[in-house]
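Note that the chains are named A, B, C, D and E in the order they appear, and that numbering of residues resets to 1 at the start of each chain.
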Amino acid sequence: MLTILFDGIAYGMLLFILACGLTITLGLMNFINLAHGAFAMTGGYVTVVMMNRYGLSFYWCLPAAFFVSAALGAILERTLYRRLYQASHLDQVLFSVGLVFMAVAAADYVMGGQQQLIQLPPELSGRTEIIGIGIGRYRLFTIVVCAFLAMGLQLILSKTRFGSRLRAAVDDRRVAMGLGINVPVVFALTFAFGSGLAGLGGAMGAEILGLDPNFPLKFMIYFLIVVAVGGTSTVSGPFLAAILLGIADVAGKYYVPAIGPFVIYGLMILMLIVRPNGLFARGGAR
Amino acid sequence: MTRPLLVIDGLAAGYGEAAVLSGISLTIEEGRTLALLGRNGTGKTTLVDTIAGLTTHHAGRIHLLGQDITRLRADRRAAAGIGWVPQERNIFKSLTVEENLTAIARSGPWTLKRVFAMFPRLEERRRNLGNQLSGGEQQMLAVGRALMVNPRLLLLDEPLEGLAPIIVDELLAALRQIVRSEGISAIIIEQKARKILPLSDDALILDRGSIVHHGSSAELLVNDDVMAEHLAVSRIGTSA
Amino acid sequence: MSVVADGSRALAPMPDDAARSQIRRRSRIRLYELVIWFLAVAAIIVLPSKMLILTEIAILALFAVSLDLVLGFAGIVSLGHTAFFGLGAYVAGLFARHYFAEPVAGLILAGAASGLLGFATSFLVLRGSDLTRLMTTLGIALMLGELANQMGWLTGGADGLSGFSLDPILGLFEFDLWGRNGYIYCLAVLFTSTMIARRIAYSPFGLSLKAIKTNPMRAAMVGVPARRRIIIVYTVAAVMAGFSGALLTQTTSFVSPDVLAFHRSADVLLVLVIGGTGYLYGGILGAIGFTLLRDWLSVVTPQYWMFWIGLLLIILVLVGRDRLAGWMQYLPGRLAQSRSSRS
Amino acid sequence: MIALETQGLKRRFGAFVVTNDVSLRVERGARHALIGPNGAGKTTLINLLTGVLKPSAGCILLEGEDITALPAHRRVKKGITRTFQINQLFGEYTPLETLALAIGERDGIGGNLVRDLGSFDDVVDEAAELLSRFGLGSVMGQRTATLAYGKQRLLEIALAFASKPRVLLLDEPAAGVPEDERHEVLKIVSDLPGDVTVLLIEHDMDLVFSFATCITVLVAGAIFAEGPATEVANDARVKAVYLGESA
Amino acid sequence: QEVVKIGLILPMTGPFASTGRQVEAGVKAYMAINGDTAGGKKIEVVLRDDAGTADQTRRIAQELVVNDGVSMLMGFGLTPLAMSVAPVLNQAKIPAIITSATTSAIMKQSEYFVRTSMGGPQSALPVATWAVENGLKRVVTLVTDYGPGHDIEKGFVDQYKKEGGEIVESVRVPLQNPDFAPFLQRVRDAKPDAVFVFVPSGVGSLFMKQFVERGLADAGIKLIATGDVTDDDLLNGIGEAAKGVITGHFYSADHDSPENKAFVEEVRKSNNGMRPNFMSVGGYDAMHLAYMALEKSGGDTDGTKLVEAMKGAEWTSPRGPIMIDPQTRDIVQDIYIREVKEVDGELYNVEFTKYEKIRAPNSAQ
């Protein structure tokens, strides 16, 4: 029972790590970036290459995955994305789907089509029994990382001026410029940060979710569910949503396997009916 | 003891290829207010936005406190000391009143506290989101926001529109006070000349993108001919 | 106000020819429309070896046209439009297998079933942001797909529904191996549906749809009952999507849960956006472009065609559809003008 | 006869009461002005009357009929409509289409999905006539989004006229309209038939006093003063909270 | 010289791309080793991608027949993809050799289907027998919830019960399932002797890792499976976790025969080190069957004749001796029980027992 709860939370946290970058690009920057998974995949492949080809430690891979994806994000932002902030949402969809297609094919070409697997350091693999609850070590690690991440993000976005500058720039780019906000820099930094988070998520998720060139397409739905249910204006919304969905999914599959696959979609629709703008909607700002 | 704060020389600007302003030259001294008048569509907003760096520059120079800002990007100009109230207010809708003020704040005499003291109404609504404000409250916030930049030059595009008469009086008095005592200057656009002229030092009238009159406010106020010619009340349909 | 209800002729407004002709110009048949339909028919004779891919295009085009009613006109973004496509496909398949294998009857039944589903789910898309609608519709389609997968006794589960074949259309035209009759059949359904959609688009109803899309608050304030309008158009679109699903089943004699898969909703959205939303022919042009391109690329480079499609999508967005389609401005009939009204 | 009446109308956002127990009566055919400090709740009141917002308590009567529960579009059908403080237009439509839409809805053909809009000549003619009355005849075929601000403002008002309301609510109609055209606009409004009721919100006191016969002053969500225009203009308390010295 | 075209339809993109890749490698390897002529005709393979979508498969098949004039079709990565071409075969009367899809139901859809992969639960039956023989009396089955999974589950359960074992529980995992945690926990809580697993090959590696992580092995639950789970292609990536896993399957890259040596060598050489797996050998044998049929018919490409020629064909494949059952057109082959072991620093499925001439039982549906 508690083990299931634990697994559910861990799974939810993993979803959150993967999706929180999207909360930033889609939620805060209002850019429908369906290519989010491509950045996550980049992080995953960085980890695979570093560990399997160069034998580096998993712990080094996490920051590396973050920075490589962030750098990639920054480059793409400067060259491509920035041209589309003013474009319609549909154009953004088209553009980012194009990027996904290219990423999928490119990953296939460079890394091959098969599942990539990594070997975790021994202290992270296996499980420990604590008061009758089976705790997977890696899952515990995920939960800890995620909890820090969520707190950090929440602080940055709500307590620093950077958060409000960013939202100001999204609301009205021209006026934000006219009032002294360096919009291009704010956007580039934010986008890079969001991409970096995706990369980190990809690196962390490779162990449990697997990694192959179809990763960006396969998990796109999950990212979107988390962000949609959680709402796009806070970090705590998607965080809670991810945990809720994680627990519901795991528990549903454990207790009622026959309708397991319906649980997550059903829950999503239900929550969207009750709270169309997400868990913590900010006064219907959008 | 005044020195030129803003010097504009032979300025031409517009939107992309389209030219709106041409041959604009003017100087504003520290501590003075300039009323910018003209009929609809004559380029008032364009002039102010050009000073803020938000239109396409075609020719001429702009100097702020001796520094050439002609090529500076808008956000740098704000840093150099320009505070701007856009005509359509453009409150950041997903920020609260307080965040609207702090997001763009720069250090200086104007603080949150002082803005709130000037517009108590804003303090009452400090946690409201930008898009949950009444029209007049948005106008106050736009003015407060420009002050939070702690500018040397205030650009106010129809700042009185939508404000209650009593607030209009108070705001104008406060602006005068600020400009006088803190050595900053202001350009104020207003549709109703008779309302603003008694309070401003100088007046400038634009027509079809060019300056057609430049002089002291007091003189203009009694110069019915000029008023009638360039700010005609009866003619319709001359605006672009 | 000079328009008075007392019926006195003298006070009736003067007929304004400029205004009348301006309004009528909206619904004028444009040259490019004639060209498209002419080419579609000519293909029957000129391209006998391409019937199958043309059939696929016609089906996808119909699907996209139906999505355009919802997205381009009512402004509802849907990532689950395939729910109606898939239901239509299954209904047509089951009907042919168990009851009656005449295609037209199956088509109508499939449309009706999808329409019902559309009506029932339209209540879920009435409120919420773009993202909410995107996900609600997606959720419905995914659940339906899962249902098709689980109800193996009825649908054949993941292996799909097979083992049926269709009678000749209206008892006269048999589905041949070259796909000629199949194409003519699909084209006829596409044409009829597009013409119906076109009627709707230029009717007062259609006018009010785009008003709801651009400014719901103002639309309500001129008296537009937004909910009812959305429910109606969503239902109509679902019927058409059901038709296209039925056509797929009938021309392939096979249905699998794939008809309810996410990628189908995504593809049709892509196709529509590529072609441009809000003028009906976007779906058709998009379907032609996308399918031909994908087919060609997947022959040239079976493994990596996605890369090139991706690249083209990006170029399309960055360069701008309008600029790419710039040459069309020289066509009399002003395609470009009608395109500018897309969102 | 009373055209529009509210009884104990209340609206709060969270704990903040924006409309506080407002009981307002507007006579049929009145030229009634609603003034008050910024944030007093004038726009909110209009939103409540037209169904954009739902009241927390109280009821709204239109010619004696309770319309509190009706959605916005049904209220329009009952004869009440408004303009918006900030333009709310259909950017992609031409003024002609915009008005045709409103007139069509009024005449109950909006749900027709089989007949071409172009075949409703009477609707189109009426729209054209209304456009020319508002000086928009020359731009009726242009996309609204590309019109000059002043023209958009006029269209905003024309659009409310198109519904042929019996009660018309105007929220700062003159804001952004150039000074020389303000009086023109108000003139068109004044010229409405005598049985059409008009409720005007405006901060331009010249306009208010030249237009309104009766004024209600709203302060902090509640009715503060009410009466004939001249009386209110000279009310010392109103001067203190709203008018200042200028009036 | 006349050309005979063979249409090869595979999922080369999308989630099942690795299947396509392996089969293609097998086909190419056969042609590299055996040349490109058969029955006096030049063989040309036309590869098309269906992205794993049934209606694409069907259209491509039809186009290949009508426009390209192929005499044979080949490929089909998944059951629905194969199912969808049945009407085309029946109408056009040309043979289609299935290289990957395994469901039993396919073969009934058309007289023109011939199969070189595996028939339904073929590989699961010997595993059931072996399990009972080796003292695993209580088993939980865990299969992926789709056609082949159902097939295999039923085959295994029937056989296992027949042999006297007890099925504790049957768990089905959705096809789109990122996390196995709840299912593995269910298995664990049921406390069986062993868990029998079938999941598609790419998913197998993830499953293995989570199996170990959850400590099922430590809890004394043995893992037995079909060979999909310890796919040769991915085995090394799974690493330590895979060691000691017992699986039953028809092919291992470790199979000791000259045919296999040559095959593995060729695939590695031309696919930058890739190790062939059971998909690959399916493609290889499909080509062999096609060549044989053409030789037999003397180059006649009449579909019905070709199918007749294929029926009863017998040869030694890299996997071992195999035969096409003349009645069912399905493959008859030996199933090996293997254990994952390290050989020369790499992991292999090392065969240690074999059950000969297993026929595909026409179970399920």
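Rule of thumb we're sticking to: a contact is a pair of C-beta atoms (placed from the backbone, for glycine too) under 8 Å apart; a residue touches a chain by one contact, two chains touch by 3 or more.
Here the structure is a predicted model, which means the values were calculated and not measured.
Asks: Taking contact as defined at the start, I'd like the list of chains shared as neighbours by subunit A and subunit C.
Replies: Chains that touch both subunit A and subunit C, as defined above, are E.
Asks: Using the touch definition from the top, how many steps at minimum link subunit C to subunit E?
Replies: Between subunit C and subunit E, the shortest chain-hopping route counts 1.
Asks: If we define chain centres by averaging CA atoms, which chain lands farthest from subunit D? Would you check?
Replies: E
Asks: Compared with subunit C, which chain's mean CA position is the farthest off?
Replies: B
Asks: Determine the centre-to-centre distance between subunit C and subunit D, using the mean Cα coordinates as centres, and give it in whole Å.
Replies: 40
Asks: How many angstrom between the C-alpha centroids of subunit E and subunit D?
Replies: 73
Asks: How many Å are there between the centre of subunit B and the centre of subunit C, using C-alpha atoms for each centre?
Replies: Averaging C-alpha atoms per chain gives centres 51 Å apart.
Asks: Could you please state the distance in Å, as a whole number, between where the Cα atoms of subunit A are centred and where those of subunit E are centred?
Replies: Centres of subunit A and subunit E (C-alpha means) sit 36 Å apart.
Asks: By the touch rule stated above, which residues of subunit E touch at least two different other chains?
Replies: 13, 17, 21, 174, in rising order.
Asks: Can you tell me which residues of subunit B touch two or more of the remaining chains?
Replies: 132
Asks: For subunit D, which residues are shared contacts with two or more other chains?
Replies: none
Asks: Throw together a list of every chain pair that touches.
Replies: The list of touching pairs comes to A-B, A-C, A-E, B-D, C-D, C-E.
Asks: If you look only at subunit E, which of its residues touch subunit A in the complex?
Replies: Of all residues in subunit E, those touching subunit A are 13-15, 17-18, 21, 171-172, 174, 176-179, 181-183, 185-186, 188, 202-203, 205-206, 209-210, 212-215, 233-234, 237-240, 274.
Asks: Under the definition above, what is the set of subunit D residues touching subunit B in their complex?
Replies: Interface residues on the subunit D side: 13, 36-44, 85-86, 135, 148-150, 172, 175-176, 178-181, 184, 203, 205, 241-247.
Asks: So in the complex, which bits of subunit A are touching subunit E?
Replies: Those residues of subunit A that touch subunit E are 3-4, 7, 10-11, 104-105, 108, 112-117, 119, 125-127, 134, 136, 138, 207-210, 212-214, 218-219, 222, 249-254, 257, 260-261.
Asks: Please name which positions on subunit A make contact with subunit B in the complex.
Replies: Per the stated touch rule, the residues are 161, 164-165, 167-168, 170-172, 174-183, 233, 282-283, 285-286.
Asks: Quick one: in the complex, what on subunit B touches subunit A?
Replies: Those in contact with subunit A are residues 49, 52-54, 73-75, 78-79, 83-84, 86, 90, 92-95, 99-100, 102-104, 106, 129-132, 145-146, 149.
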